[in-house]
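Multiple structures are listed underneath, in structure tokens.
Each of the two complexes below includes subunit A, the first together with subunit B, the second together with subunit C.
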Partner chain A sequence: MDRKTVIWGIFACLLLAGCNDQKVIEDLAIISMMSFDQTDDPTGDLKVTASFPNLTSETSNEEQIIETIANSKKEAEDLLSSKTKQQVVNGQIHSIILGERFARNGVKSVISSMERDQEIGSQVKVVVADQEGTEIIRTEVVPDIGSYIDKMLKTESEKFTIPETDIHHFSRDYYDDGIDPIAPLFRKQDGRIVLVGTALFRNDRYVDHLDLIQSKILMLLLSKVERSELTIKMAQEEKIRNVHFDYVTSHRNINVYKKGREVDHIKIVVKMRGSVLEDTGEESISSTKEIHELERLVARHIEHKAEDIIEILKENQTDSLGLGQYIRQSLSYEEWRTLDKERLIETTPVSVEVDVTIKDTGMSQ
Partner chain B sequence: MKRRTTKLLHKLKELKQEAVEKDHSASLQKQVIENFSGCDDLVQRTFPELDITIIYFLHMVNENLLEMDLLVPIYHASDETKLPFLKRSNFHKTDDEKKVINGILNGEAAVFHQDHAYLINISGPKQREIQPSETETTITGPHEGFVESSEINLSMIRRRVKSAHLKINEIPVGEVSKGSVFVLHIKGIANDEVVGDMINRIEKIEIDAVYDAHMLTQLIEDQPNALFPQFMLRERPDAIAAALVEGKIVVVVDGSPAVIISPSSFFDFFQTGDDYYQRWITGTATRLLRFGAFIITIGFTALYVSVTTFQYEMIPQSLLTTLAGSRSKVPFNPLYEALIMEITLEFLREAGARLPTKVGQTIGIVGGIVIGQAAVQAGITSNVLIIVVASSAITSFVVPSYVMSASIRLARFGLILLAGLLGNLGIVIGVILLVIHLSSLTSAGAPYLAPLSPFFRKDWVDFLLRAPYSLMKTRPALPRSSNKKRKQ
Partner chain C sequence: MSEKIAPFHLAILIYMIQSGVTLYKLPRMLAVNFGTNGWIMVLIVSFVAGINIFLISLVNRFRKGESVFEIMEGLIPRVVLAPFYILLALIWSILALLVGKDYILITQVLAFQNSSLLLLYSIVLILAFYLVIKDMYTISKTTTIFFFLTIWMTFLLIYHIPYSSVMRLTPFIFKDGTHSIRGWIEVYTAFLGFELVLFLFPYIDEKKPKWFLSVYVGHVITTIVYTLICLVSFMYYSFEQLKLISFPVLNLIAYVEIELIERIESLVFNLFLMKILVTVVMYLWAAKLLLHRGMPSVNEKWLAPILILVAFFITFRVDVVYELAPWLLIFGFAAAGIAIGLPILLLFILWIRRMRNG
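Right after this comes the complex of A and B.
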């Protein structure tokens, strides 16, 4: 390279800086959260609300909210851009909220559009609202709703209360014929955002939901749980006995039993280990015998709850536990192909067996 | 006819030569004095009763030596014919005019007696005392540093390497100044071919004068147009002794406190004496810290520019508001903002380096207030950029070699420009260009990026890590030592 080329190169670098697809951060409306709702508006059936932080000063935590009605997600983005002086960008979206009506009608179009967008990472969380998604975004109690929901999802999923569903998992479960997607469900209550439970999808349609306690048990049936807690209420001689069960680990096994070439039934075995820190029962739980009795009671209780959940799943013909995957593994491809997958969960008997080990009852014994 | 004339001419020539020889002593003295005409610092002392004239430069000789070795014997001499001291071994008899002139220039005194000249070395000009090196300070380890006199420097090296195998070649360099350059190596450890090549390079130099070792390196480098220095210079005798023992060649330039080590690799510039004197775990930790500093100083500002201009997706959500908020008042594009700050900082550094210490403090205060606060309040730069620029400035001074640190700072500007133009892609292109450039360099024929590329597994004990001494069993591959095993 001769000297002239080098000098012109440096010169070009200086002069051409800026002649490019620049996204200087203060000129951007960096969306942190987006919601999708169904509307009856004549101009379109998709209402998109986006919130982005107001970045005009270092200290302000203000949010700006823009809203538009369109027919598709990309069209909506185009329209959103015209509602603010900044350039609307998607690169920092951390979660999307699907409004109830929209979710019930199928969310495939939005999810696949987001998956294709190279600006949006696959770790964007999917959340379902129990009402209009826009109402969640328009909550005024917390200043920065995007990061608020983000943190809430993180702490709760670390406690294994709700599943942590991102776009990648959602669409993977959607396209997999052996499992149906699930997502956390939120609601605005008295001006606050509260976690309601888990939304169950059938294919890409929201069909039913589980409450918080149920979704904790769903997590036990779904995968290995590292640390969580459960308060168990048992009716005992006209009183309610509260047992606080703090489990350290929980392992789950799914066994598919076959009769000939047909699937006979499925057994889910959950092994839990933990300690009881609180018990409002009459007798103390100091002796080994009583502990064994308590283990049995807790196990029965969880089993009942789990059976209730499976009942709900069967009613909605949704396979949130991914039992289809286990059935698929036990069959040949030909057999799996000819199976009626729609009614698979409804027709296959599922039983749950819970094995509880109480390793201690707290510090003072 | 012809034959007669040639005979006559021949006779005439002989006569002339005789006359010249007869006149020699007087003319030698005269010629020498004539040569120095106009040199007011020349001292000429005559002792007519002894037929002795001594000539020397006042500022070049040691007064004590002059008194003891020359004047006292002269005072004690009683007779013109009996001058026994002239036969002492420190008096060198010579009749060569050039030698006499050179001797006087080197601080010797010339004694003219009868027809002959005697030179006695009583040189001892005022010199800087041995002090700790200011550019290379260490906390542990020896503190003495080289001075400007090559004699003192060579003595410091000899005191550390007490071996008869330590060989010194003196080569005169500079057509006008006639400075001395010394090439040192340990015979049996250093590669003779490499030594020969170095001597050859120095002999080939054609220049009026060489004033400093840094100047010499530029005349003997493999690639004079490269961005990075290819020879490491150290000002500490312990480091030089270590280099010699490893089989490297060392070049001492008279008049310079810096000593050249050849060959040097890129990573040698990140090593200090402290690495070796501290325990190996702490030594390794500081070395890793230094390489970390290198990465920060070369890329941090560029990363700021690319992230704020193109890749906003990379910013953590919690930092986004701070970053965008602090940028919101700034009227410039991030590239220009960063360039303004970086160049201002270079101004400050250069001003601080040139100013005397007492005035230099003012620069620090003015710079601190103007850049630290006023620029942000005025909305010229963002707070975050100040942190970025300051940390890359601090880390640039973590690199022990000033010459290397200056090269790195220059490379940083290239990366900033590329980041402003193409974002992270530009940084990647810049880093690739830098790696290509670095790996194409050689230092005295040895690969510059060794032992990383080419990969010398055995040398990794003294590279990113400073392994315990028990693991350093072989000498590094770089000097192509003829004796690979240490302790032999």
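Right after this comes the complex of A and C.
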């Protein structure tokens, strides 16, 4: 054999090796979305529903929905496989829906199973349903529910209405002792999928939720916000005054004040800057004095809302804002170790200060 | 004599030998062994490795244009040294093959699960074989190309900055770690590779008197790349999470989502092969050199196949991740011992020779 034959032989081996692990797309049932619900079924406590967009026929867009009862995610995948003629693969899951009852009992098993599974990327979105998760998947309004919810999450998290939560974010915050995870909350309403707000977790258990407006304020308290808007309703002499505040930037600062070696209180300072694009109030806003007055009103309003949220967090002993991380930053290792972290948020006073700057009032005075 | 390696290529070569498959696991190793803010340990271990390189630079300073073999044989007869050479050759070739196998095993966690380990492993070995039978100058040039094909991956870290937070670093330094000797060895092995410069002396363009600086430059590149990756890992993952993730760097790469290309990680993982290949090839090359010196009667053409086959059969039964770990630890430990011991031995020999002559 001369050298050329050897090289061509090796070349052929290398290329042919590609044919070894082949997967024919028509033979695959590609899961686009999965939901997990708690059941009282004797065969298992996990009801798993999966939706498969139909890729085999070009004409119909129908998707297939299969449901099974199992004890774990992987077992469910096996059982799903036995209910379809194709091989079930999970590499293209866009999001997972956690049913309310399931989420209340702790979701760690599913999240760690997703993390361990090498086929599943850590960008898979985590969503909580206000009812049974399977209800959401069974919504028939849209052809492919998986990518629909995916798009919806993307647009809303870009508007800073809801947190961007994927497997990585969820488990990162779950394992961090200074923050608790959060996730978007959905509901099926009149046959449509509606974004309800943010689900708050305590460790891996879903404990409470915030509505959409609160959820927007939570985002302000949570991190830097680049662009969003708020409609503020204020009672003004018998009428309700609507002010639409469109902010371009919002910065948040968290300061931990200590008295001796103990944490005395926490102050969250939010600095916002934006424009007023709608005002149903009686007077026009033209003088600097009126602008300042409006700034003050908007700020007070947001402060009140924020205090409500912190009240909710304290009631549920959950640290969705990651205040624990800031407390940790100000303590020594021994102090942090001995701290009662379960009751940390409940016992620490938190105040919010909002500073609003109205840079313009749109096209009219 | 063929062309010599320029300092620039030497720096790249050193970096490429050093950075290898350990990088995949490095952030977790640091978190488990050294605890919170374990990334700082990269700098400390790098400094220790720097001292190790300084020892080698002393060997370079005191030798009089001799190669390592000539230094040793100046005091001890070759017959006595032959078993020592062969032992070193064996350790290094086994280490090289273990590194290759580790890479394939990790790759198979992610893809090609159904392909046989042997097939993929053989492909790596064939590639390594074809490179190792070339002369040093060609290997160095190839390495330079590989370097430019892979170094850009470090910049993917920019993608993770928005997802990172200083708060996750925690203010605590080295708390919650196991602080074991094992941890030190594991992290030290991530820096190994610079010791091969001892055998490169005759192949280096020594016209520039300060050429040895480029070994430090290579080491500094490694340190920078490692530090950046580990720092970002500690900010991107929460501490307890990092301890649980088998291959944090793979997860980092897999998180990158670019609009234009889906699944960029499949491209990046495969490019990693080049880094691994350089490590494997250089250790095999040094082993080949040692074997040739130890058994000069064997035809030079057969040295590489002999080494690969012997190491292949010794490590044949190791084919699962958890079995490989202790092997890697033992041979990593041996290699670390060689990296520290060999320069000291050489300095000692040089000193005795000087005493005798003087």
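We adopt the following convention: the second predicted complex is superposed on the first by the 341 of 365 C-alpha atoms of A that agree within 3 Å, B and C clash if a C-alpha of one lies under 4 Å from a C-alpha of the other, contacts with A are read in each partner's own complex, and residues count from 1 in each chain.
We adopt the following convention: a contact is a pair of C-beta atoms (placed from the backbone, for glycine too) under 8 Å apart; a residue touches a chain by one contact, two chains touch by 3 or more.
Just so we're clear, the structure is a prediction, and the values are computed from it rather than from any experiment.
Once the two complexes are laid over each other on the shared chain, residue contacts for A:Tyr175 go to subunit C alone; subunit B is not touched. Of the two partner chains placed by the overlay, only subunit B lies in contact with A:His94; subunit C stays clear of it.
With both structures placed on the common chain, the touch criterion links A:Tyr333 to subunit C but leaves subunit B unconnected. By the touch criterion defined above, A:Thr5 lies against neither subunit B nor subunit C after alignment on the C-alpha atoms of chain A. In the overlay built on the shared chain, the residue A:Gln123 is in contact with subunit C alone; subunit B does not reach it.
Once chain A of one complex is fitted onto chain A of the other, the partner contacts of A:Gln325 are limited to subunit C, with no touch recorded for subunit B. Residues 10, 13-14, 17, 20-21, 121 of subunit A lie at the contact with subunit B in one complex and at the contact with subunit C in the other. On the side of subunit B, the complex with subunit A involves touching residues 308-310, 312-313, 315, 317-318, 320-328, 330, 333-336, 383, 417-418, 420-422. Of all residues in subunit A, only 10, 13-14, 16-18, 20-26, 28, 30, 32, 53, 55-61, 89, 91-92, 94, 119, 121, 146-147, 150 touch subunit B in the complex they form. Subunit C contributes residues 109-115, 119-120, 123, 126, 163, 167-168, 170-172, 175, 236-241, 244-245, 251, 254-255, 257 to its touches with subunit A in the complex.
Contact residues on subunit A toward subunit C in their complex (touch as defined above): 10, 13-14, 17, 20-21, 115, 118, 121-123, 168, 171-178, 322, 325-326, 328-331, 333, 336.
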